[in-house]
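Order as written gives the chain letters A, B and C; numbering starts at 1 within each chain.
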Amino acid sequence: MQAKPLSLHSDRLFPADPAVRDVARRLYGEVSGLPIISPHGHTDPAWFATNAPFEDATSLLLTPDHYLFRMLYSQGVPMEALGVPSRKGASPADPRAAWRLFASHMHLFRGTPSAIWLEHVFAEVFGFDVALDAGTADLYFDRIGELLATPAFRPRALFERFNIEVLATTESPTDPLNYHKAIRESGWGGRVVTAYRPDPVVDPEHEDFWPSLERFAQLSGQDVSFWAGYLEAHRIRRQAFIAAGATSTDHGHPTAQTADLAPADAEALYHRILDGVRSKEDAELFRAQMLTEMARMSLDDGLVMQIHPGSFRNHNARLFWTQGRDKGADIPQPTDYVRALKPLLDRFGNEPGLTLILFTLDETAYSRELAPLAGHYPALRLGPAWWFHDSPEGMRRFREQTTETAGFYNTVGFNDDTRAFLSIPARHDVARRVDCGFLGRLVAEHRMTEDEAADVAQDLAYNLAKKAYKLDAPQPLPSRARLASARDA
Amino acid sequence: MQAKPLSLHSDRLFPADPAVRDVARRLYGEVSGLPIISPHGHTDPAWFATNAPFEDATSLLLTPDHYLFRMLYSQGVPMEALGVPSRKGASPADPRAAWRLFASHMHLFRGTPSAIWLEHVFAEVFGFDVALDAGTADLYFDRIGELLATPAFRPRALFERFNIEVLATTESPTDPLNYHKAIRESGWGGRVVTAYRPDPVVDPEHEDFWPSLERFAQLSGQDVSFWAGYLEAHRIRRQAFIAAGATSTDHGHPTAQTADLAPADAEALYHRILDGVRSKEDAELFRAQMLTEMARMSLDDGLVMQIHPGSFRNHNARLFWTQGRDKGADIPQPTDYVRALKPLLDRFGNEPGLTLILFTLDETAYSRELAPLAGHYPALRLGPAWWFHDSPEGMRRFREQTTETAGFYNTVGFNDDTRAFLSIPARHDVARRVDCGFLGRLVAEHRMTEDEAADVAQDLAYNLAKKAYKLDAPQPLPSRARLASARDA
Amino acid sequence: MQAKPLSLHSDRLFPADPAVRDVARRLYGEVSGLPIISPHGHTDPAWFATNAPFEDATSLLLTPDHYLFRMLYSQGVPMEALGVPSRKGASPADPRAAWRLFASHMHLFRGTPSAIWLEHVFAEVFGFDVALDAGTADLYFDRIGELLATPAFRPRALFERFNIEVLATTESPTDPLNYHKAIRESGWGGRVVTAYRPDPVVDPEHEDFWPSLERFAQLSGQDVSFWAGYLEAHRIRRQAFIAAGATSTDHGHPTAQTADLAPADAEALYHRILDGVRSKEDAELFRAQMLTEMARMSLDDGLVMQIHPGSFRNHNARLFWTQGRDKGADIPQPTDYVRALKPLLDRFGNEPGLTLILFTLDETAYSRELAPLAGHYPALRLGPAWWFHDSPEGMRRFREQTTETAGFYNTVGFNDDTRAFLSIPARHDVARRVDCGFLGRLVAEHRMTEDEAADVAQDLAYNLAKKAYKLDAPQPLPSRARLASARDA
């Protein structure tokens, strides 16, 4: 079988209509080269701290990417055969064999964003000009392995090549942030910041709640067996995160429920949690109350809040027990915002000093709840299309369903939200292309002038993320420019 | 900064594809000049009764329009600074300063229907050829002020210039309808009718329920302390509304819940309400029962019923206490129709003599519930895309999601539902353009002939509204033609 | 009034954009002639067993098609006047008068799939070149009547002319399958298979539950007064269905709820049902448990499972009492899958040997629940856009909202799900055109190569249905090829 050519068309993802495409192309031309602002994601700070080379195609591209292995799993391919680690540890699968298995199933990704991201990585990052399939699997595996061994493919070199201006990782309050410290002390000019994700110490149903709470007490030096000490521990760890560059917190709750209890009731609730006599309702109420507590702290320390609600985590019980978390078995569910957020909004919704960024996996909330809420409350902004909707059709629906009520300026640009480091440029490129396509249509339908669209395109690609996440504030860290000049000297 | 040109492109809002656009343009050409039927809205009948001049740009265009000031509020602009009145009374803000503040935030409206409506008003009604922004704010304020002082910009003159064939306002049963009486007695030929909106005397949770009930008793001359008297009071006030031209009632309930209680149970429920011992469930049940009572009366007196459910009113508690109602803080919520409407439909759904027009803020109901219901029950019709969905994308989704199941002929044309009088032509124009664009696509995809599409376009722009709202019936009022000839004589 | 021409444009249903249309046309050219795989539908096996001629236009095309008469009913046309049978028996309406009434309301179907299907049937099956309306009603009625009397319009001849490779009907376990037996024994080569639809003996709220259970016991020879006997009766009837060609079961439950009770609890539940002391919750729980029992049996006997949940059947109470079932008054409602399916999925979701095909009437589940579930669980596949969504816009939304998460290969091609035999080619043609239009857009936007799209188009039109429904397995029946050669000899 002859290898099929691989090339990225310069007009990819633009609407086919020539008038729309012409505008989209011009708009994109003005934003395609802008630096990447990545204010929310899940890359590993160890990569940038140690700058150790990545190992091989399978461990870099396949086994950490649940978008990929879940699709093969859905068609009957066992995860072990793909090299995905289980609770027993690393998979015994041979990396090359796993890669071949993956390559022979590439047709499953037709029409998916994974195909778009992979092709971008293959063509742009590794320079392939033939497509991956069963016949080219070895060629790919070998070439990628060779390139990863070269200095140009070390994490820091790729970070610079990708033109990333700032990259946020996400850590638990129980993380000592050593890698972030190492990055800053290394003298390297790349801006990698953390974000405060307190779920393990905020969600009593989290499997690691108790050990996390213990570690939380140690790291903060607080007696978390009292409500006041527990809150103080948060304040202290937030400060540590801010010192490591954090400008935001993130909250991955099953629902968007908030609460605004009287202090004595909140304290009593916390003690029920600690005493282990809590009910399912108590767990939900505690998470709800903690969102309001986090908002209160954000008003003090300035951290931008993000809520990522609505995922039924680890839906596949058997898989969870054998393979563990994050295996592509998190399933969205209907998510209420109107009633859920009211307690927090009644308390802090009118504060222009608070920024609360809302995400959803339930698209029905875009036009019904989220755009009307963000189009009214000073504290609210809409995060971009998330997870299952971080895709050309998903992003298009996000704009079509939120813009008319919330406008563009209650949104916050793009998040890649990924642990797939090499796909970051691809993901931002998709977002820029889709936004320029949407704007191109508005211009072609005479709903906006091209000048206005050009402004909006730049805001969506760069300015809004920087502003909403307060990444334009003076940095406490050595500036990138200074370090770059130091490096060049 | 040089002023940016303002012009309305003749092809605006048509799809960009040339084949679709060609058809859309031709279809629109046949409907763009049709008179405006405005069967549901919130303009003030006092304008047409007194024909007093409008004051200035701010009080005419900005402070009554919650679409506009909520967007600025969402970005941190205080409502007081925009001239929006509060519970303490009129805002002390200088109208010109408020207008400048508004003008400097026009970029927030990019991609929103507000921008489209405003540009239409600025260009078509006031003749501007430069865009509104910080640099042209004073020019606008001055010019608009001058024009409003001229006879051609008095309410009646604008009504005639706008080619409005009939305009419905909305009044409470406690309204004496004096302005409507004055309009009719003035000899002016404009057809302005009222609509019966009994929420304040039907919703026990309405803040004005008790005083409204008292006023209701006075105006109707009934003893509303008994169920029979209360119902009779409705019958009497409905007759008064019919005499003032009303052809419809309107019901703005939190849900679409209906009930069909035995008469004794309905009576007992009413007495619980009056005795003040009602529960939250009683309030909901009473509203539900009253929808069925209203349907029963409609079968007698012929008034078309409208249900506008699903808004969580005054979501922002703090704002409600400082600023009052209708400040852009009404947020949609999921709305059930299938179970909610069943009691009423079991009673009256098969009556071809009843017309019950359903609206929604929950777009998920379009294809799942509303189109199947309207595509089956003789009594049901679908109202147009409403409120947050009264926009190009919103109207397109309405057609795409309802037409295949309900067809065009179970819909009722367009409602502008606005208190922004000057935007009425703009809103109808948007609806006509979007419908012609949708039809143009069906023709270009060979799903309909252009002849059929031309018929449908006329029906959507004019005939369906007139028929569904029974505005084509012989009027009890002096005919417009006769008055016009009297005026011309 | 002059008759309007009727012709089917060769580019119908393709997107208007020339670049997209060019690709769509080429893709369609490669699939338009493929045989029809119809794995789920409601045609009457008696037609193919007896091969008796169809009677007239009204009884063939109008009275069995609830899409048609519900639309007229929604506009006030009585069902009796259209010839629709009621509980009292056949309608006394004259078939020709009913047909004229129908013809005079054809405008109601503008923009609906019914119009598309009818025009296809009129033009392709009957050869009309003028459109149906009041003026051509008699011409149509006469010509159709004449043609139906000819051999070429007998059921088997049409089956062959329609190029149907396999057609599945749907029967209750209480059906003796005599017609299927007669078809097989007739020596005719058409492949008509049954499907196992046990709702009448699985749903305690089904109006025919008790008589069906009795018949079920008789046909299976089991004592169904015990849980074990009841389950064994299912096993036995499933075998009889398999012998009649069945490869699938189908379950039309109000919800998608499943359960996985301990055997003793399931038994106790069954006895509560039989003792008539069941609650509404018991009925739901029993249906839920039976889905899991059916899955367990499918793992043994290989039948593919289909779940068609979410319809509120017989919503119109008065109509149900006068006219009976299936009169266009079934209304969709919100349908949960994430929690509802968990019990069954926890038990069998990871079995690659099970195929469970999910349908929905609640489009909000496409991207939120169904695509993520099917994109993960090996046992799950997504059925095509169903019922109210079996339409150009509905099918387009299905692809747009499921493909990016589930891909194409977790879907199962097209189902016509119809009792309107003559419309089967039209329906498959619409599906093929819409899929090719969707693929054409992906190619034109450079998201897929045209080679890939051509593969996918063939899979969607033919291969996936055959594979998912196991219709590619060796048949126990005389092969079509052999019979065809016998016939030609």
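Definition applied: a contact is a pair of C-beta atoms (placed from the backbone, for glycine too) under 8 Å apart; a residue touches a chain by one contact, two chains touch by 3 or more.
Small disclaimer: the values here were computed from a predicted structure and weren't measured.
**Student:** Superimpose the Cα trace of subunit A on the Cα trace of subunit C, which carries the same sequence, then give the rotation angle to the nearest 5°.
**Tutor:** To map subunit A onto subunit C, rotate by about 120 degrees.
**Student:** With over half of the numbers shared counting as same, classify the subunit A/subunit B interface as same or different.
**Tutor:** Looking at both copies, the contact residues mostly diverge.
**Student:** In angstrom, rounded to a whole number, how far apart do the mean CA points of subunit A and subunit B lie?
**Tutor:** Their C-alpha centroids are separated by 41 Å.
**Student:** Which subunit C residues reach two or more other chains?
**Tutor:** 17, 334, 364
**Student:** Which residues of subunit A touch subunit B in the complex?
**Tutor:** Against subunit B, subunit A makes touches at 17, 19-20, 334, 336, 338-339, 342, 345-346, 349-350, 352, 364, 367-369, 371-378, 380, 400-401, 403-410, 441-442, 444-449, 451-452, 455-456.
**Student:** Quick check: in the complex, which residue numbers of subunit A touch subunit C?
**Tutor:** Per the touch definition, subunit A meets subunit C at residues 4, 8-9, 11-18, 70-71, 73-76, 107-113, 115-116, 312, 315-319, 328-334, 361-364, 388-389, 391-394.
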